[in-house]
Amino acid sequence: MDTQTVFRNLQLVLPEIVLTLTILAIIGYDLFLRRETSHRTGLVALVGLAIMAVFLIRQGTTPPTEAFMQLVRVDAFGRFFKFLFIATTALIVLFSLHSREVRTYKSGEYYAILLTATLGMCFLVSAINFLMFYLAIETVSLSSYVLAGYLKRDRMSSEAALKYLLYGAVASGVMLFGISYLFGITGSFSMAAAIGGISTQKVALVALLFVLVGFAFKMSLAPFHFWVPDVYQGAPTPITAYLAVASKAAGFGALFRFLLPLFPDVEIGQTLQGVIARLDVRPLFWVLAVVTMSVGNLVAIRQRDLKRLLAYSSIAHAGYITMGLAVMNAKALEAMLFYFVAYLFMNLGAFLVAMILINKLGSSLLDDCKGLVSRLPFLAVAMAVFLFSLTGMPPTVGFIAKFNIFYVLIAQGTWWYYSLALIGVGNTVVSLYYYMRIVNAMVLQKADVERPPVSWSPADGLLLLVLVVPTIVLGIYWSPLIRFVTVALQ
Amino acid sequence: MLNIAICIIAIPFVALVVHTFLSARMPRRGDWFATGAVFLSLGLACWLFVQMLFSPTPIYINFHIDWLNLGSRIIPAGILLDHLTIVMLVVVTLVSALVYLFSIGYMHGDVRYGRYFSYLLLFTTSMLGLVLANNLLVLYIFWELVGLSSYLLIGHWFERDTAAKAALKAFIVTRIGDVGMFFGILRIYFHLGTFDYEAIFQAVANGTLSGNIRVLAGLGIFFGAMGKSAQFPLHVWLPDAMEGPTPISALIHAATMVAAGVYLVGRMFLIFDPTVLLIIAYIGCFTALFAATIAVVMDDMKKVLAYSTISQLGYMMLGLGVGGYVAGLFHLTTHASFKALLFLGSGSVIHALGTQSMREMGGLRKKMPVTTVTFLIGTLAIVGCPFFAGFYSKDAIIGAALAFGLHHPQHLALFLVSVFTAGLTAFYMFRLFFKTFTGSPRDQEKFHHAHESPLVMTIPLVVLAFLAIVSGHGGWFQKYNPAPQLSTYEAQQVAEHASHVQPEASSSFAANRLVPAGTPVAEHGAEEIADEEELEHRAHLGAMVASTLFGAIGFFLAYLMFFKRRLSSAAIIQRFRAVYTLLSNKYYIDDFFHAVLVRTLHAVVWLVGVFDKYVIDGLVNFSGLATRFTSWLVGKFDNIAVDGAVNGTAWTTGILGEILSLSQTGRIRNYLLFIVLGIVTLVTVFVFIK
Amino acid sequence: MIDAHLLTLIVFLPILGMVMVLAIPGSQRQLIRITAAFFTFLVFVLSTYLFLVFDRSNVQMQFVEHYSWISQYNIWYYMGVDGLSVILIFLTGILCFIATFAAWNIEKAVKGYYAMYLLLVTGMLGVFCTLDFFLFYVFWEIMLLPMYFLIGIWGGPKREYAAIKFFIYTLVGSVLILLVILAFYFKTGSFDMLELIRERPFQATPVFEKVLFFALFIGFAIKIPVFPFHTWLPDAHVEAPTAISVILAGILLKMGGYGLLRISYPMLPGAAWDDGVRYFLAILGLVNIIYGALCAMAQTDFKRLVAYSSISHMGFVLLGIAVLNAEALNGAVFMMFSHGLSSAMLFLLVGVIYDRAHHRDLSRFGGLGTKMPIYLTLSIVGFFASLGLPGTSSFISEIMVFLGSYQVYLGITIAALLGIILTAAYILWTVERVYLGKLRPEFEGFSDCSGREIFTLVPLALLLILFGILPNIVLDVFRESMQYLIQIVTLQ
Amino acid sequence: MITLHHYLVVAALLFTIGIVCVISRRNAIGILIGIELILNAANLNLIAFSRYFEVGLEGQVFAIFVIILAACEAAIALAILISLFASFGTIDVDAAQRMKR
């Protein structure tokens, strides 16, 4: 590998390099800041993300290239997720700047670690080699563990971190063990080779399942979701939102990358060089989707804490997205990518509301939300919009997202998929039930006790607006989003 | 002439609109304005009447414009002006005008004086519309509108619960009739696709409308007439309607609106086939007798008059039913004058005394001479005293009944009953007169305050009294025999109906049923028509004698009992206690309706209400109940009950969620175990079982 | 110029109004109200203009706007109106303007109220204007959220229950509608309503067509509402503020009928024209008429009674639609229109007394007529119009339905005729209990209708009478369209 | 002769022991050790495959990365354990169950 190649390769990861430099800058800048002023590093992070976005956009014209001795592949598909991560991270930074929880601690490292996790994700979705994949996923995980436990003096946060760490470590250990077998079977760490090499041999299938555990953990698919509620509840709210959106998207992105060769009509995967995939994993995802959405929705019903409820709801949404994997074609992939964008706005919005509530009231219990509409009308209306979108009601983007997924299912035209769609609809109804309970508490019920009036800052409103507007506008006019998604698949 | 007709209805209508919005700003709440408008209409109507009397050819104008486009057909609305219409116009405007005038005195100082005149104008307008209408749909519209104004005016003093209830009753009972009528209209429309009188008569004439359809249509329409004209058993509203101000009783519930039923039967005469006519005759006859018997025992002055009205309406129906087309309508006209007179007279008395009960009256003739005289004239007219209006018209009916009876001996009862009723009429009317105006006052204090009514009230009385005498004379009513306006064939039909000559066997199957079984239909040849006329003439003579005789007997009895007091009414009541109770309770018809219909309805309503609340709503909310159970299980989620309705499986959902959430133990070691279990399961299912 | 985008203007003016309202500080209540009134007035003016310039003899869609919206999904921004839409848009224009004033005395969160209200108006107008199935569904759902808030926040004591119930029912209905829309989309790949009407994609599969028809029917039946899906209505009405009841009864209920005529019938003609289906629908219509009337009679709450009367009246609409001949169908549509006016008036009337007495218990009223003569007069017009008294537009619509249904379903028609007796009974009974009789002492101090109340009531009263006397003004608008519809449906 | 199978068996055993250790230990350190066992089982596989299939040094390189990451993980884990100890006064993982269901 000559210097020229190295430089060319480095050029391909320029956005990631920008991000790395930002992290370094934050760490350096943080040395000069006191606790009270340390949140300024967040602004640095924003600037860094902006620059990264610019580089990413400039990269838009380069054809798909494999770099670093086929460790990563730089293509539109990865860029789609990277944009997603940048947007999410930027919003999370904004959330964090606004979060009382986060601001009680010195936040230099916080932003550094946050961006590190993002960096890991960027590599995760580009990785086409298990080595890179493992490194990236561990980067994400390790950063996330720290972030989840960032509120050092908070018991729940520590507990969340511990649970997350132990669970994550075991999951990644199992995955690694699986990878080791796949290596043994194919003699290569190439992910495409692994997929191509898997025969119906039992060992190979077991190994594949072991690997999928790692993905499932990140994607919070049942039955590997147990960490989710506890971690989401205990972690600082912006981090919860981050885990729910970015981390999950990264997991899905990586899985898509891994399984792309199995998508019959998608051309962007690594060439299999004559190897035809003999594997049909669709039934597996059929089951996982059903279990995941059902568990998420059913358990969500009895939750009384908004954050925990949203945690279950995010499990359920992972289930909805997984329905697309049960179909596994280009249309389904499009629908799933679309869903992520929709999910980004609506779920971040919902978590933002939870965060604002914690800022204002110090708790996110549903009981404390009662009668909120009279005290914080905009917050209540915005929350209603987000929840309606999460339910999948027009005219919100959540409706279109669900519509796409169900469309793909029904277009398959077999009873397996009809029944999956039916289960999906049933789950939507269940989800409506608990989402509406939140809205009902906010809008219809009276507060049990007289509460002091709460202040409302323009920043709250602005942040909400940033998320409410796309949630609705994209629900009415989503053509750009479709284009954005289709570009990712070229 | 058409323009005049339009003006006749337009004037009160414009007055109504203006008065409704501006009466508060008008002097004296616009009473003279309203009265003036109606007098104007009256003038025009009289002009038409004169035209009619001296017109060499019959007047017949059918004018219409497209009104309602149904999509399939265009329904016109228009005016039919013939002699019947003109007479009705005169009757309506005349009585209206006099009642307006009377009301100025009678209603003086009323809380809703202005509103009263608005309502009156509404009534006059709609009544004129009803009369002028040239098709059934338009007629039905005004038919309902007079019902509305009747409702409003009965309930004018709505502070009195009885008035409010009476208004309600009047509207609903007549509405029941209206539904029947509407059914008849539907029947006709379905069959002919038109509402137009002319077209309908044409259809009857050429046999398009015949058989069962014609019977049903006729019955439906007659049912409506029964409601409006208070024929048994839909008569129950009329006595209660006396809760309205007395001028209203005179105008609406004696002279005009209640006669609308009779008018309708007359107008639609051709549509009734002989069976239906027979039914009409019997119902009318029965009503006449039935109401007269009740009138005998009533103590309330207005109630007596009310039952008398029902009875007289029965006469009219009888007259029409037995084919006395002219007789029935003639009686309508004369009755309008003398019954309005009687009511206004009683209004005058009530105005003076402040009571309606005859038990508190007596001896008023000294205090109220004008009222007394005019009332006496009215009484004489109604009992059919010779040379008064009622004599001619009533005799025409009874004569027709007798002629009919002679033709069809099995229906002779119609005649007998009507004659007997004439006697009853004389009895109760004189009972009323004697008890009120003669003898000694029963309530000295009231008597003391009594006084003759002001001029605005007495003038109408005098005018009406004049009419009650003259309206029967001159044979003018023959003019409004509708026959000349119709085409020759139709005219023939009318004549045949009236005389029950069935020249063609095939004309209708139902017609044959009127003819006694076994009578060869063909016998009724042209040469027999002369005999028919002879028979008719004789019948009228006989009827005149009989009814005068019975009237005299009635009068004499009343004279003995209430004037000379030779016979003690109390003793007679004592003697026939049961009969008296039955009569004074109006044969318990009201109670029967209340017990059976109203109660049943209330029960049904209650049941339906409960059903809706607990079954229909409950069914949907069943899941709500189930969820409540869940909520008890988890702790308490207060409002879940309703949310549960999201899906019927809320319960299962809750339980499932509960069970699933058990796995979320909070212990990391369990979670790790679940990873292992998860892997094992997946491996088992997808690697080994698959 | 204005004609080219008239529908867009009508539909989105309220949104503009909403933005304006939101921009005004919440303390400027009067200004907010005036702004809302101004925008609803504009809508009223434009809808009247539409009503006037609409070409009555043309059965094609008019004022069409057709732009690509989301090309990947073949979704178009497709607006256009025929007679049916025009009449309902006109109705919406009238009622929205009036309801703005009916809500004048709301003091709680005025800004929020009018913002939601204007959004609701957009949703309703959108449903009547759009010809793209997807857009239709979006507008259909847009109404849901504001309505939920309007009942839930500004409603009466049991608003929570009512709002949730409304929400759930409506949602279930719209899910069914969505399923059918999707079925069409999967079959044809098109959301274009007119194209679907032309193509009748399910004609070849009659059984499936019926399934779709009934799914759709239930969706719309909930809105109409048809027994036994009606129980949300009384609760929603009772708890909703007066102005919202007006909108709910006046316009939202019409959406069910509109949906049937715009979607179910022309797109699934095989099912709609099936004898059994028609008979079934006619029976349901009859049940609605009788059952609604009986239930109305059983009520002790004034507003509930009026709500049930709506159910009864909507039975005529359903009956007329089921019969589907010229008389009955025109009657049904006319009923939708005149019921919009009369029920709106009744709810306003109830609102007047509720504002004074603060309760709606029928047994505790009485004699109000003495104290409030103007109110009495208006009430009589309102109630008798609802009763179907000749001279009011309700009468015309009722008889038209009867004239039509008699030709097809004799028995049902006769039974329905009994329903009009019941209607008379409960309405008169109500009038008697509330307005007549002795004045109760607690009502001694009641003032008669205020200028604002008169302003809201009188136009409705006048229109009811005007259209009762000259029904062709309204009938002309949709007659040809309905004729065309019958042609489409009966053309097998 | 030590064949590939021997390595694989040992690795599988190690993995199993690690799993058992993970799910049975209450002490957080014990669980961490279990995790190390799992990772090392994987390492053993990787190196064994690499050696026997002679596909270059990829497996060994991977193993080195795993070891490094395991060290990072342990560092973070210990940091979290300290934080946990500060909050709960114990490193018994069962103590940390404030959030459940």
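Should a chain be cited, it is by its letter among A, B, C and D, assigned in written order, with residues numbered from 1 in that chain.
Operating definition for what follows: contacts are C-beta pairs under 8 Å (C-beta built on N, C-alpha and C of every residue); 3 or more make two chains touch, one makes a residue touch a chain.
Source: prediction; values computed, not measured.
Peer 1: What chains, if any, are shared contacts of subunit A and subunit B?
Peer 2: The common neighbours are C, D.
Peer 1: Measure off the straight-line distance from the CA centroid of subunit C to the CA centroid of subunit D, and report it in whole Å.
Peer 2: Computed from C-alpha means, the inter-chain centre distance equals 68 Å.
Peer 1: Between subunit A and subunit D, tell me the centre distance in angstrom, where each centre is the average of that chain's C-alpha atoms.
Peer 2: About 26 Å, centre to centre.
Peer 1: If you average the Cα atoms of subunit B and of subunit C to get two centres, how far apart are those centres in Å?
Peer 2: 35
Peer 1: What's the distance between the Cα centroids of subunit A and subunit C, rounded to whole Å?
Peer 2: 44
Peer 1: Among the residues of subunit D, which are close enough to touch at least two other chains?
Peer 2: Residues 19, 22, 31, 93, 96-101.
Peer 1: Hunt down the residues of subunit A that sit against at least two other chains at once, touch-wise.
Peer 2: Touching at least two other chains: 162-163, 166, 170, 174, 229-230, 302, 432, 436, 440, 444-445.
Peer 1: At least two partner chains per residue is the criterion; list those residues in subunit C.
Peer 2: In subunit C, 160, 164 touch at least two other chains.
Peer 1: Return all touching chain pairs.
Peer 2: Pairs flagged as touching, ordered by label: A-B, A-C, A-D, B-C, B-D.
Peer 1: Over in the complex, which subunit C residues touch subunit A? Could you list them?
Peer 2: Per the stated touch rule, the residues are 69-73, 109, 112, 137-138, 141-142, 144-145, 148-149, 152-153, 159-160, 163-164, 167, 171, 175, 182, 186.
Peer 1: Sort out for me which residues of subunit A touch subunit C in the complex.
Peer 2: On the subunit A side, the touching residues are 373-374, 377, 381, 384-385, 388, 393-395, 399, 406-407, 410-411, 425, 432, 436, 439-440, 443-445, 475-479, 482, 486.
Peer 1: List the residues on subunit C that touch subunit B in their complex, please.
Peer 2: Residue list for subunit C touching subunit B: 160-161, 164-165, 168, 227-228, 230-231, 291, 294-295, 297-299, 325-327, 329-330, 367, 369-370, 373, 377, 380, 384, 389-391, 395-396, 399-400, 402-403, 406-407, 413-414, 417-418, 420-421, 424-425, 428-429, 431-432, 435-439, 471-472, 475-476, 479, 482-483.
Peer 1: Okay, in this complex, where on subunit B does subunit C touch?
Peer 2: 66-72, 111-112, 115, 137, 140-145, 148, 151-152, 155, 158-161, 163-165, 167-168, 171-172, 175-176, 179, 182-183, 186-187, 189-190, 601, 604-606, 608-610, 612, 616-617, 619-620, 639, 642-643, 645-646
Peer 1: Using the touch definition from the top, list the residues of subunit D that touch subunit A in their complex.
Peer 2: 8, 11, 15, 18-19, 22, 28, 31-32, 34-35, 38-39, 41-43, 45-46, 48-50, 53, 55, 58-59, 61-62, 65-66, 69, 72-73, 76-77, 79-81, 83-84, 86-88, 93, 96-101
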